[in-house]
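Here subunit A shows up in two complexes: once beside subunit B, once beside subunit C.
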Partner chain A sequence: MWRYVLKRLLWFIPTLLAVTVIGFMLLANAPGDPVNNLVMSSGSGGSLKTAEDIEVQKTFWRHKLGLDLPVFYFSIGKLSEPDTLYKITDQEQLQRIKANVKIHGGYKNYIPKFNWYGIHNQYHRWLFGGTNTQGIIRGDFGLSISKKEPVMMILKDKLIWSLFFSILSIILAYIISIPIGIKLAQQPESRVSKVTQTLLFLLYSMPSFFVGVLLLMLFANPDVISMFPPSGIKPIEGYDNNASLLSKFSASLPYIILPLICYTYSSLAFISRLTATSIGQQLQQDYIKTATAKGLSQKRILWKHALKNSALPLITVFTSVFPTIIGGSVIIESIFTIPGMGLETVKAIISQDYPVVIAVITLSSVLTIFSYVLADIVYAWIDPRIRPSNEMQNKF
Partner chain B sequence: MKSHIYLFAILISLCGISCKKTQNNTLVVHLLSEPDDMHPTNGASAVRAEINLYTNLSLLRVNYKTGELLPCLVKALPVVSSDALSYSYEIKDNITWDDQSPITANDVAFTTKASKCLYTNNPGLKPYWDNIKDVVVDPANNKKFTVVMKRPYILNTWFWTDFPIIQEGFYDKQQTLAKYSCAQLSDSIFLKLKNDIKQWSDEFNNPKYSTNPLFMSGAGPYKITKWDKGVSITLEKKQNHWSANCQENWYCQANPDKIIFKLNNNNASAMLELKNGLIDVSTMIDYASFTELNKDEVFKKHYTLQLGDTYNYTYVAMNMKPDGKTHKKLFTDVAVRKAMAMLTPYEQINKTLYENHNKRVIGPINPNKIDFNTDLIAVQYNVEKAKELLKQAGWADTDNDQVLDKMIDGEKVKFELNIIFISGSKVWEDLAKQLAESMAKANIYAMLNPLDYNGFFGAVTSHQFDMSIGAWQSSAPPEDFSQLWHSASWANNGLNFTGFGTSQSDALIDSINTCMNEPKRIALSKRFQKMVYDEQPYIFMFTQTRRVIVNKRWDNLEVYTEYPGVLLNTLKLKE
Partner chain C sequence: MNFKQTYIAIQSTLSHNRVLKRCVRVFFIFVTIALLAPFIANDKPLICKYKGHWLFPAFSLRHYSTIDGTVINYNMGKDWKILNTEVCVFPPCSWSPNTIDAENAPRKSPFDAQVITYTNQQTVSIPLQFRHWLGTTQNGNDVLSCLIHGTQVSLSVGIFSMLIAALLGISIGACAGYFQNHTLRISYSQVIGLMLALFLSYFYGIVVRADTLANAMSAGGLYLVVQVLFTLYLFVQNSIVLLFVGKWIDSKLGLSPALYFPLDSVVMRVIEILNSIPGLLLIIALSAIAKPSFGLLILIIGFLSWTSIARLTRAEYLKTKQLDYVTSCKAIGMSHYRIIIRHILPNVLPLILVQIIFGLAGAVLIEASLSFIGVGVPLNTITWGSLLNEARDHFSAWWLVVFPGLCVFTLIYIYNKIATEISRQ
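Up next, the complex of A and B:
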């Protein structure tokens, strides 16, 4: 089994590299110029006579951020084009040059040319380090273009809150939805079951922005019930100095209940229905009848045998949650003012903060890969039939 | 059943916790977004500027009541040389940093050098410092100094209001920058040879100075004591601050013991926070929520709601110099641009989108500024007159397809256009829809094209648009028209999106920028406004109103046109 896991892990390294390359290329070709945004962020300031100084600034920052390098190890262009076109940062100037080359290039316009740039490129710098950066293999995701702070410093706190809500909500969803699913599977035709199924379906269909605002208007509104604070994740003056983890949690408890409901309700509804369907199928199997005939209690049959055999789809859902932890939830974070990854990612995309966006993509890819491996391991652990079949495949 | 009772009890106890309001002398202020950072030089957001009002001091400040300059760290406004290139100041006596060391001219020189140094992470702000040639400290008196400028410029004194003076003894203990001139620090070739400057800048740019309150030092009466990222920023009043003895000026006052800026970027929950009494001051809530709260009599018992003016304005820009290929020459004729202004349903827009709170702007200057040209008359909504103007300009529906057309450069061009705006703003989307509907009445077909910020900014600065919706922020200082209206700013892909500008208008802008005689400058400014008004490159829309909500437990409320509208340090807790 471990050989199988190792093989899967090794396969994921090129996958991860491919994802980062694609992400990097997409961002590098996105419209707009991040350095222009950075330098012109105050509306270019002062008199027009400073235009030359702005150009000096742009050159300096392009170099500092490594944006004056070619994007990748190589590029494929036309024979008629010079191989230093990447050095032209002004898009209008670039278009003019390309148009000129097209006019005067003749037959060379139709012959492709392979340009090799070596290791002095943006991707290599990001991966292995270079001027002003250590590279992600040393844990340095670089400097945020908009905030001019190390990327990991920006993401660290946001990641904690996103992890907190995602993990807590999925645990809650499983704790609540599995018993509900089992109950539904036991008596699928009962009136209670039908009403519950309808309610679950309704819950699943409701968008989070609607539920979020509804919860606020109902439970944080002095005109109705003012039971919870309307925004934030902790008391306004923060935690007491030297507060223990438990006291921090209890201080934050009123703040996290409404967002937690928002994070949980949809997966709760989905997992309940999934569990009900999956266990319902298992209850039709012969081994359940045998177990019943042997006199096993209903509880033991359901929880030990039926649930274990219907666990595969539940595991798939569980592992698919990991990548979403990094993405966060923009809508819920926005409604409840949660300092999470979702809003930070959107802000980074809008401000073309490449290092932050690519860090999010990379972390997301790592977690996706991790979740696949985890799913494979748990599948093999729960259902030994999966493991031998792979091992058999390896043998052939 | 028992478990349900327990659950209910827990929820009730949570309610007790959640409804805990800040009492005592702590002011809680609504914040829409966090500052980009709180580094002494490396940030540019408006929120940061607001916080700096209380934690830092500048050489000069704005007098919020009159809109004039006010000496702050200096004894008086500068003595200006006859060539308007030298500005002599003297720092006040007995003013100190937190460590009780005196504030001197060396701190001003250090602030200038740190801001101008190429290695400092403030690229967007460096152009503001460009005009400073040197800061010369009087060798006989370290309280006296002269700022030498490269060119005469109307903002040579005003620009100091935006930048706090920072402590050399805190940020440059080794006095590294003191060894070099301003010119050397801006020279990239020179800097490559100087390792000590690189070391200083690496330390100075360290994010700890941007985010960690322990590494922040300012001369203001408040100090940042806590920055809970994504939650709140806490300012506490300094004990024994020198300003305690000079309460006559607003920047010296420190009435609340604590000011907490609480982040909330959602209008629904911000409104609920106000209703719950969890926020004391908000100037940022949307129009609809403000109107709803204004109708709530219970709420009004506890809060004062007031509308205030701002220097901002919204506009619809028209591309006067399109390439004629990707974007047709629809707005090259002034008659067409005037027709567009007449096709705009101002009253309807103000009523439906801004709850009738906004005021019209007429030209490139906000009506709240002293140099506003009062002779200009606002263009009114008039579809029939607009149709007439379009007809005069040669636009007619020759093929009866309900869309105007015209022969331009030998080609039949239909009057079809794209309105671009930054996506995500419901107000701007509705504004664009209303414009399009109104244009349809004159057989003009407009499509809406929301773009993300980069797409929008890229399109307008590269002149790849027909019509765009936007807003400009302004402030009390005299207006430098070059950014938005100089033809060089169009050629350089700057903020002159429309292509407005002739040699005459450029010359006038240059004259205004160097005119140090205030009445003369105002006269020139009015002439320029008339020039823009006659050309109508924009449909000038509205100046936005500030929605001020303050808890009645606070007294001494005054609402100003200048950002942020309310000076938090001057609010007093009621007895």
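Up next, the complex of A and C:
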């Protein structure tokens, strides 16, 4: 068992690295000059700055953000280009030099050259930390360009809301759909279960934004029924200063209900259908007949014996539900203006704040990979037959 | 089973399952609407007679025509309706999605009074033929015609992205499932060749073509698709060429392949990485780098969603590989690729088809969601999602919620239903 867990965790590392490389490549290729945006937007107290001042500030920020380093451990460039091009910080100058090289390079433009830079590069600094940064392995995603705060500070609250909704909705979905699934498996041909199945299938095909807007239109609309507040997550005046967690929750409850319905409804059909089929398969097995023959109650057989043995597919679902909830939260959060990661990403895209965007993508990828690993381990823990298959190959 | 028998099997499923038949029929109605959209909803008349000349504006590729020295601009929008024509036959919906009807502008409901002003300055209630049957948007676009033209976007994004995903997924998944880790042999010189190919194609495909790619990024559209695919083609071509070069060197030196290529592990790792990246967020982030276009959207959805198809294909190949008929194929000395394509594929195709159709529903959902939040899609095209977006600030405009929402819902429902019905067989 421990060997399997260790092996799985070791495989976790290259996958994580690959995800961070993808995130960083997006960040490095983002258009616009982050330093330019930083310096230009920080008009300090209306004092007019001279061109020299701006240059000094730019150099200062470049050094502080580590943008005067090479991008990656190595680069593949043209033979005609010098390998120290990264030292030129001014984008316009860089473009001019590149254009010149392209004109006068001749055949050398078409011969590749491999440059090795070592660990003093932007990616290494971004990942493991360096001067002025802790690196993302210690949770430092750099500075937000528009707000000039550490990205992690901005995202910390947002992450809590996103996780709150996704975890609560998954739990809710399981609580509602497992009993439904068991009922469906018990009488698959009855009229009630057929109607339920059709309804669930219809719900499953409803796009979440449609349901969200529909709910808002019906229940948060002064013209129809004004039962719930249309947006936000807590009362406008905020919580009381020393309110307990429970009272905070009850104050937010009317704000939470509509988004929660939106988050939950689509996984209902999926999970209950899966429960129904996997329990249906279990009910055909001999051990169920034995249990019935022994005189166990129907309830006990279903909930204790059959459900336990059909738990495996339900765990697999968890891994597929989790990422969709993180990705799907962009839509629901922007409908209900929930201050979560999704809404923050959309805002950041509009204000061209790439460090935030990349942080969100990297964070959610890491969370997803983590959920895969967790599921694999739980899988192996519940069903010992899965484990040895890996070790068996080594033995024989 | 060969491909013809698979086709016959799918046909017989279709003819025996009433629900499935109905769903496929509705799908073809959607396709017909998408294909004929310019002739179903257009502000130009199909046929009209003006000053004694017969004109066919809706069918014409030109945007003007000259009659007696006066130029008639075909893109005159609402003015066609008040033009003094002798005969004029309009399409069933007499509006184009981009025609702005300023008179009925800020969100007229289907039941509101709608007006039209004729050339003699007389404002009257609009004739039934020109009515906005499903209301208008904020700017005065006709909702019905936006829905009809939106069908094109939704269907084509789904179908083309899944075409890419199916090609990638089936070929990669089949190879991974069939060869696994201990079948494909590779020599040291081929490993070196492969690395060299990666290096060279990165240089010639990306570094040398950096300017072209950057231009394509800002231009968007089909040009971008072609450029990206060309770069990918360079990668594939170089790898294949250098693999053969490695093989040739081996044969000259008398070496035999010494290593196993762990294809299955590599593919599974790549799938895990791609699955962990939230697709919607990635598209949103990429839209900031490249100019949003439906071509780019199709590419990204295609390259992100092949993983589920590949996983299923791999699992099916793993199962089928152990059956007797594959063993006998091997025994008579058939090549691997013939077994993979001609013998196993027809047997597993119906199952993969189910996954592809589920993928279609997913792609439609992604496109509609992106248009709904208004990021990552070109904003000048009105789609189902962007119509819904207009209703977000005005809940009283129920027609902007219900009709586009029902369209998206119907399409997704049909895809899901077809997939489930096929998989039930």
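The working rule: the second predicted complex is superposed on the first by the 307 of 396 C-alpha atoms of A that agree within 3 Å, B and C clash if a C-alpha of one lies under 4 Å from a C-alpha of the other, contacts with A are read in each partner's own complex, and residues count from 1 in each chain.
Here is the rule we go by: a residue touches a chain if its C-beta (ideal position, glycine included) is under 8 Å from a C-beta of that chain, and two chains touch if they have at least 3 such contacts.
Not measured: the values here are computed from a predicted model.
Peer 1: With both complexes overlaid on chain A, does A:223 touch subunit B (first), subunit C (second), both or neither?
Peer 2: Both subunit B and subunit C are touched by A:223.
Peer 1: Between subunit B (first) and subunit C (second), which does A:338 come into contact with in this model arrangement: first, second, both, or neither?
Peer 2: Once the two structures are laid over each other on A, A:338 reaches subunit B alone.
Peer 1: Regarding the shared-chain residue A:147, is it in contact with subunit B (first), subunit C (second), both, or neither?
Peer 2: first
Peer 1: Is A:210 touching anything from subunit B or subunit C once the two structures are fitted on A? First, second, both or neither.
Peer 2: second
Peer 1: Between subunit B (first) and subunit C (second), which does A:77 come into contact with in this model arrangement: first, second, both, or neither?
Peer 2: In the superposed model, A:77 contacts subunit C only, not subunit B.
Peer 1: Is A:56 contacted by the first partner subunit B, the second partner subunit C, both or neither?
Peer 2: first
Peer 1: Answer with first, second, both or neither: which of subunit B and subunit C does A:184 touch in the superposed model?
Peer 2: The answer is neither, since A:184 touches no partner chain.
Peer 1: Going by the contact rule set out at the top, does A:200 touch subunit B (first), subunit C (second), both, or neither?
Peer 2: A:200 contacts neither subunit B nor subunit C.
Peer 1: Determine, under the contact definition given at the top, whether A:158 touches first (subunit B), second (subunit C), both, or neither.
Peer 2: It touches subunit B, and subunit C stays clear.
Peer 1: Find the residues of subunit A that appear in the contact set with subunit B and again in the contact set with subunit C.
Peer 2: Overlap of subunit B and subunit C footprints on subunit A: residues 30-31, 213, 216-217, 220-221, 223, 334-335, 350, 352.
Peer 1: Can you list the subunit C residues touching subunit A in their complex?
Peer 2: 199-200, 202-204, 207-208, 211, 269, 272-273, 275-282, 284-289, 361, 365, 368-369, 372-373, 375, 385, 388, 391-392, 395-396, 398, 401-402, 405, 408-409, 412-413, 416-417, 420
Peer 1: For a test of understanding, state which residues of subunit B touch subunit A in their complex under the given definition.
Peer 2: Subunit B residues touching subunit A: 11-12, 14-15, 17-20, 22, 28, 36-37, 42, 44, 118, 121, 123-128, 130-131, 151, 153, 155, 159, 186, 188, 205, 207, 210-211, 226, 228-232, 234, 260, 262-266, 268-270, 272-273, 275-276, 278, 452-455, 457-458, 462, 480, 482-483, 486, 488-489, 492-495, 513.
Peer 1: Can you list the subunit A residues touching subunit C in their complex?
Peer 2: Subunit A residues touching subunit C: 11, 14-15, 18-19, 22, 26, 29-31, 76-78, 102, 109-110, 112, 114, 201-202, 204-210, 213-214, 216-217, 220-221, 223, 323, 326-328, 330-331, 334-335, 342, 345-346, 349-350, 352, 354, 357-358, 360-361, 364-366, 368-369, 372.
Peer 1: Name, in rising order, each residue of subunit A that touches subunit B in their complex.
Peer 2: 30-33, 37-51, 53-54, 56-58, 60-61, 91-92, 146-150, 153, 157-158, 161, 213, 216-217, 220-223, 226-238, 251, 253-255, 257, 334-340, 350-352
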